[in-house]
Amino acid sequence: MFSISLRADRLSKTYEAGLLSTGKCIFREVSFEIRSGKTFGLMGSSGEGKSTLGRVVAGLEKATTGSVYYKGTPLTLMKKNEKIAFRRKVQIMFQDPTDAFNPRKKIGHAISEVLALLGVPEARHSSKTEEMLITTGLPKEVLSRYPSQISGGQLQRLALSRILLLDPEYIVLDEPTSALDVSVQAQILHMLKEVQTERNTGYLLISHDEIVIRFMSDSYGVLENGQLKIIE
Amino acid sequence: MSGIARKGTRYLTSLVLIIIINFTLPRLMPGDPVKNLIGEDVYVSENVMEELRAKLGLDRPLYEQFTSFLSDLLHLDLGYSYHLHAPVAELLLDRLGWTLLFVGVSAAIGAFMGSLLGALAGWRPEKKTSRFTGLAFVVLSCTPPYFLALLSLYLFSFRLGFFPSKGFYDAPEIGSILHHLFLPVCVMSVFSASRNFLVMRGSVIQEKEQLYALYARAKGLKDISILFRHIIKNASLPIITLLALDFGFLFSGALFIEIIFSLNGMGTLIYGAIIGKDYPLLQGAFLVIALTALIANMLADLLYGLIDPRVRRPA
Amino acid sequence: MKQRRNFTKSGLYRGLKQWLIFTVLTIIIYSSIYPAGAAGPESSEEKLIPSNGGIFDSIITYIKSLLGEDEKTQGSGMVSEAATTGVQQYPDIERFVLKIATPSIIKSSSFLGDSNLGVFAHLSNPPLMKMDSDGHLVGQLAKSYEVSENNTCWTFYLRDELYWSDGEPVTPEDIKFSISYYGKEVPSARWINDTLETIAVSDANNSVTFKFNKPYTRSDLEFATYNILPAHIWETIENPVEYTNNGPYVGCGPYYLKLIDLNAGKLVFEKNLYWKGKAPESETVEIHFYSSVDVATLALKKGEVDTYYKYAGSYPYAGIEQLEETGNFDFIEKTDIGLIFLALNLKKAPFSDPKFREALSYAINYEEIVRLETLGYGEVPNRGFVPSSMENFKETEKLEYSPEKARRILEKAGYIDSNWNGIIEGEDGKDIKLKILIRPEYARTGELLEEYLGQIGLASDLRTADADTWIALKDNYEYDLTITRSTPWGMLMHASWGSGYFDSRRTGQGVMHNLDDPEFLQLCDNILATTDPEELEGYAYEIQDYYAENLPAIPLYWSSIITPYNRHFEGWHTDPLYGIYNLDNFVNVRKIEA
Amino acid sequence: MNVSIVNTLLEVKDLQVFFKGIKTITALSGISFSIAESETLSLVGETGCGKSVAAHAIMRLLPSEARVKGIVKFRGKNLLELSEKEMVEIRGKEIGIIFQNPSLALNPVYSIGHQLAEPLCVHKKEKKEKALFMAAGALKNMGFANTAEYIRYYPSWCSGGMNQRFLIAASTILGPALLIADEPGKGLDRKRVSELETELKKLKFKNKTALLLISHDLSFVQRLADRVAVMYAGEIVEMADSSSIFEEPLHPYSKGLLNSLPEKGFIPIPGFSPSLSNLPSGCRFYPRCSLRKRHCIENHPDLKKINGRAVRCFLYP
Amino acid sequence: MSPEAAHIESSCITEACTEEYSEKKREISSLNFKFPGELLFKISGRRKGLKGQLNRGGIFLFVFFLFMALFPSFLAPYAPNERFTPYKEPSWDHFLGTNDIGNDIFSELVYGSRISMTVGFAAALVSTLIGAILGICAGYFRGALDELLMGFTDVVLIIPKIPLIIVLGAYLQPSIWILIPVLGLLSWESTARVTRSKTLQLREAGYVKSARCMGFSSWHIMSTDIFPNLYNVLLPKFMLATASAMISEASLSFLGLSDISMKSWGTMLSFAFFRGGFIRDMWWWYTPPGICITLCIISIALIGFGLETQGKEHVREGADAM
């Protein structure tokens, strides 16, 4: 109804043909919708272009044809300020948590950078950060550590909570747990669920693991041979 | 593959740019080339100079000079050196053979020696010998080439008297050539080996951490066969690129060694051309060196493709 | 099969093909240039000496020699067959080779084109005239010469018994041919073409007469530099300056040039069997080229070569002590007629002011320069510029070092440091900052100079310039001061006594052309108008007085040319112009047991 | 319990591994287990619990600054005491290993055929041609249709799943008695994992190869392993038959681990694994254990045997 | 523990998944001229009994050279242009003897450090900066800019350097202020190549992608996320550039194309050859400048490596930190 949705409309992605090579089609005419507070699962084997699709939805890559609609406006026609809003409101979380933070920055620095980007005054950084740490359940000392000094599970939590600082409406979760141990996977999935109920965030969950998709999603689709088959 | 097409375009553009640079650069040099054609302490009337100027084509507009330059190039006519009284192509070919021999052999020895020692040093960097060779090559790579050349000449040729001190030969025969070239080739190969050593060492250190090296060990390969069967081939990939990149460098680095050993090669030819503002020769030499470097790079790309299957992944 | 699979499958095949075509094309291009390069100008003399012909040639030669194929040079072949009667019989003495090291490298094997080769070829193709050890011009190929009243007609009487190394006699025709040939073909000798009217040959007198279209007084000197060529060989060569050949060349001196081997870095002169003059003892003379003086020194020390020669240059003074220590060398010391001097830009302030020049002459510590630069093989020069070894030298006042005097002169002339910054201001009221051009070889002298100038309150800006940049800058008068040198020939050229460097009507590479004082120009013209020795002497004194008074240039030191030679040889001769490179020397040097 | 098994192939006793550095890292603090001929033992645990270190220690593939103590008996020989030369004979021939990352474990610049043939050339001194032929045969046995083509392929031209199978083929081409599989399924999707499973099952049942399966994927382990050892922070906390562990885990950690499986509804264990350089003094699991008592904090429990299985917990006397 | 072993160890312990890593790594290594800093580090590190610490030897050496360059008058017994008896052998008065015009060689050496180090570092800085900026831009923005920049780089790569430097050296007034930009402008291309391929790799890293997604500006990402991570690549390049600038400067001096009013080690070396140092066997004259050049470069290498190990330290600590 008047739920603000993120909608993919007949997206296709083709890698351009070079001078001597023919192009390669990644996916064709893919459409789906993510509603706030709901999770749309995207399943497919590796190499099917799930991640590319995820990046297109998050606006990191351009689709060859078709468009992503955010609040009814196609991404390609957005004005600059709309685009900035989109940037904030649609976030992406990646598979490899060890890669999510700049290895040269301490965690605290990385987080206050985001706060600075949001325009939070310097004085309130520490309180904001503490707030954030509570959601992750991590001790305060992680702030003074480098990403390499923290385990994968913790990093993935931090990555999620950093994204949450931006208060996004939608998060594209690109294989958020496939690099993690089962026990940590469970932790992260639960955290995601909690966040969703708390903040009414919409997820696009990309995974090759059917059980994870089933566990998390309200509806899901299978990407196979470039086609999306939606299963409600 | 589009990669090849792109490379091809790049090489073509390089070629065109080289020709353009080649045309413009010597013309930017100071001094009047006509005056340089005349020896020192000689009085020459103005009209003689004008005559020479007309002969050189320097009074024509630049674009005309360029078109004639291009057409000459297509006819393989690189001009005529008024300083050395011979066609440039002839001069260059004459010297190119020698310098290619001298630089080529050194580059080959340097590549082999450097890679081998570098691989051994990288394989067991904690060993005393590895540390020693490492330090030695670092020091060598930090030493100005002419310094190295003079010292070795002093030591081996003067003090020990093992080798002659100048020229390619005394009499044009193989034995004499080998005797004369031994020392310069040694210096040059040590010089190029020091660069290859450092790259190879780093590369082996990097490669031996790779999983396939561990797997080779798990397969039951002996230590040394892991290095020589598995790591070397991977680790030599950067060496190929370096060799190609170094080719131009070696060519001109040979300059100092040629001066020290009084060798009549490309290096001294170019140096003389620069000092004497011998435009046509300079142009020709630049073109030849740039072309050689271009070809070396192309060969390296080709070789890279042959060694590294990742480059030629089938569809 | 494996190969085919992979390549057909991938696009690499196409790429490979392109590269292959390119490579093949390149090879074709190379191979098509190569024969062209190897062929070069043909000549009857040019045959199987392959020395300069690239590596491939020498390999072929080597293989040929392995196969036992006979190689004969045409030159020596001719000698062995034809020469039995005319050949001078030498006494049975030990045959030896005289080896000379030189840093003056020959860049091309062009007999007429390469200036260094021109000097070395004096041995095989001696000029008409030469300079004796006292600096007087005497005949060489010429027995004697006479000049007409109006100085337009020069007649040279040739020596008898001169033969080319192929057995042909040397005729006046050869002289006529050579000189007119130079005038026509060699750019630097165009003056001959411009001024020479006729050349008359008299076989009876064995003489050749040159008639100029205006009085030409310096012909005897000029003809001490032009090598005489065999007309019967060179008349067929179309473009002589561009003609390159590794020899042998037919010559008429005690030796002929047998081989130019640039790759081995040497020239080989072999005895001319038809030489009727004093027979030289050494079988061959070899000139060895060293790109680096350091290496030449090492070769000398090691005994690879017997002596050292550089036109207009000395053996490095710093190395003399070391050579002495070996105990194998003796030295010839001869005051150079060339010198190192400070050229001043007379065309602009402050050096257009004679007072300023005067002050400068007192600012320089000549003693120290002589000590540091020549290590004692030199002396403090006179104000008269011209070194004592030159003909018609006049003793003028010695240059003096006295900073106080310099300062006083400056002050008197109105150059004062009014703003107390330690630097004197010029007429325009600005600090005087002298722009000093330095050629790399005088870097140290430049350093010293900067310090001396500082002592009298002059700032300087040193600018190093390689030879060509230096020429460009000095031709545009973009300097205040520069350190340069004069060569022996330079001292003699134009109106002699160094005037060629200063006369503003001249151009040339090393020439300053910065003096347009009518008095000086008149003096030059006077000298140029006479061949009378007495008159010349008078003018010579006059010009030296002029230098001493006006200081158009300040000599820094007079130095000696030191030539080391192996003690196993004796009988060395030198002349002021070409040093040890003269015929007297080569016919007299003997090997002895040291 | 291992006494009862007749043909012990590999016996690991009190294997300890330390890494010396600024801080000493205790990667393994004394683990013991044994594998009988054609038995499959699985080491399961979280990242950093030391399972891979154990595998590498058995093969003596650890870097030189690792200090290894204990006994690793393979067919009666203590591998840790063998000379490097003797060890070379065992590696690849008697004990094979496959790594978690097949695309990296294969040398990128050699063809698949070459790498498959290499063990034959090295250990059996076969001629290259024959070895290649045999390699093609081995691939055929694995069900590859176009073997002549595949042996000319390079690892980078093939998918991860395919490389995994090539790697298995290379590791088993000499028919080793023991195959160590170090996280073989990691990073592969379901389909590839099931392929891998088929492959390993074939080895297990057809070739009677003993397997030391190291994995964090419990369901994968469940389908393959005969016995399972659960590891936590460098020690074995529970070891039992596969069925009993999955049906009735004893150790709280095993329970937690099983509960976090998808089938059980992703119920997480709270907290994180301890740092290996700073291990808790008592039970290593106590900070995360919901059943902990004061006793657990102070004392380190031993591995105790109950009903043919072993568990390291004070809950079981 | 040796750093590379440490690396194996940490990978062994963390059992990190490194899918696709080597692919990218190779691209880097293909041009990465690795300076064996760690080797030197180890040699002196062992001597000093320091392991994994920032290398004190390198720092000490570097600080020493820096001190020499900044306050030459403290170390040098005489002024550089003070003249004594020429060609003196080493003695108590003259530590390294005197040169051809009687300057104290040791003092000259001390004063020369300033010029040499300025040329070396400034030229290296110029080349590394240009290379880094072009490389980052090409790698980050990709597309046409990448093609253009890398095509240009390829051309520059092929141009024969030393003859060009000689031509420029002869054309422009020989002065270190000309030499620095000339050397800098001619040696950036390999740095640019390496930087580009590393940037291409970093660009795909999760944190860069998240930063883009979070809306950080390209400038911010390039300067704080990409540039600091290029350190491992840029540092060896910087050291090499320093070395080659110093060597080029010395070589130009040898050809007589240097600024004689600015006496660097290279100029000293060339004077030693041209003014009889070599002929007279005065090794105390011609070897010290060479040794100084080498030592100076080695000190940079040591420091670079010290910093690098520090960087690696927290990777190692990572495994056991929590």
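Going in written order, the chains are labelled A, B, C, D and E, and every chain counts its residues from 1.
Keep this in mind: a contact is a pair of C-beta atoms (placed from the backbone, for glycine too) under 8 Å apart; a residue touches a chain by one contact, two chains touch by 3 or more.
It should be emphasised that the depicted structure is a prediction, and the values quoted were computed from it without experimental measurement.
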Farthest chain relative to subunit A (centres taken as mean CA coordinates): C
Chain pair showing more contacts of the two, B-E and A-D: B-E
Of all other chains, the one whose Cα centre sits farthest from subunit D: C
Distance from the mean Cα position of subunit C to that of subunit B, given in whole angstrom: 34
Approximate Å spacing (C-alpha centroids) for the pair subunit A, subunit C: 81
Whole-Å gap separating subunit C and subunit E, where each centre is the average of the chain's CA atoms: 44
Subunit A and subunit B: spacing of chain centres that average the CA atoms, whole Å: 52
Multi-partner residues of subunit E (each touching 2 or more other chains): 2, 8, 17-18, 22-23, 26, 170-171, 273, 278, 317, 321-322
Set of subunit B residues in contact with two or more other chains: 1, 4, 6, 30, 150, 154, 210-211, 234, 275, 310, 313-314
Set of subunit C residues in contact with two or more other chains: 6, 11, 14, 294, 466, 468-469
Partner subunit C, residues of subunit E touching it in the complex: 81, 86-87, 100-102, 170-171, 173-174, 256-261, 271, 273-276, 278-281
Residues on subunit C engaged by subunit E in the complex (per definition of touch): 293-294, 297, 316-319, 321-322, 372, 438, 440-441, 443-444, 446-448, 450-451, 462-466, 468-469
In the complex, subunit B residues that touch subunit D: 210-212, 214-223, 225, 229-230, 233-234, 307-310, 313-314
Residues on subunit B engaged by subunit C in the complex (per definition of touch): 1, 4, 7-8, 30-32, 35-45, 48, 52, 76, 80-81, 83-87, 89-91, 93-94, 97-98, 101, 150, 153-154, 157-158, 161, 164-174, 177, 258-264, 268, 272, 275-277, 295, 298, 302, 305, 312-315
Residues of subunit D touching subunit A in the complex: 46-48, 159-160, 187-192, 216-218, 256-257, 259-263, 265-270, 272-273
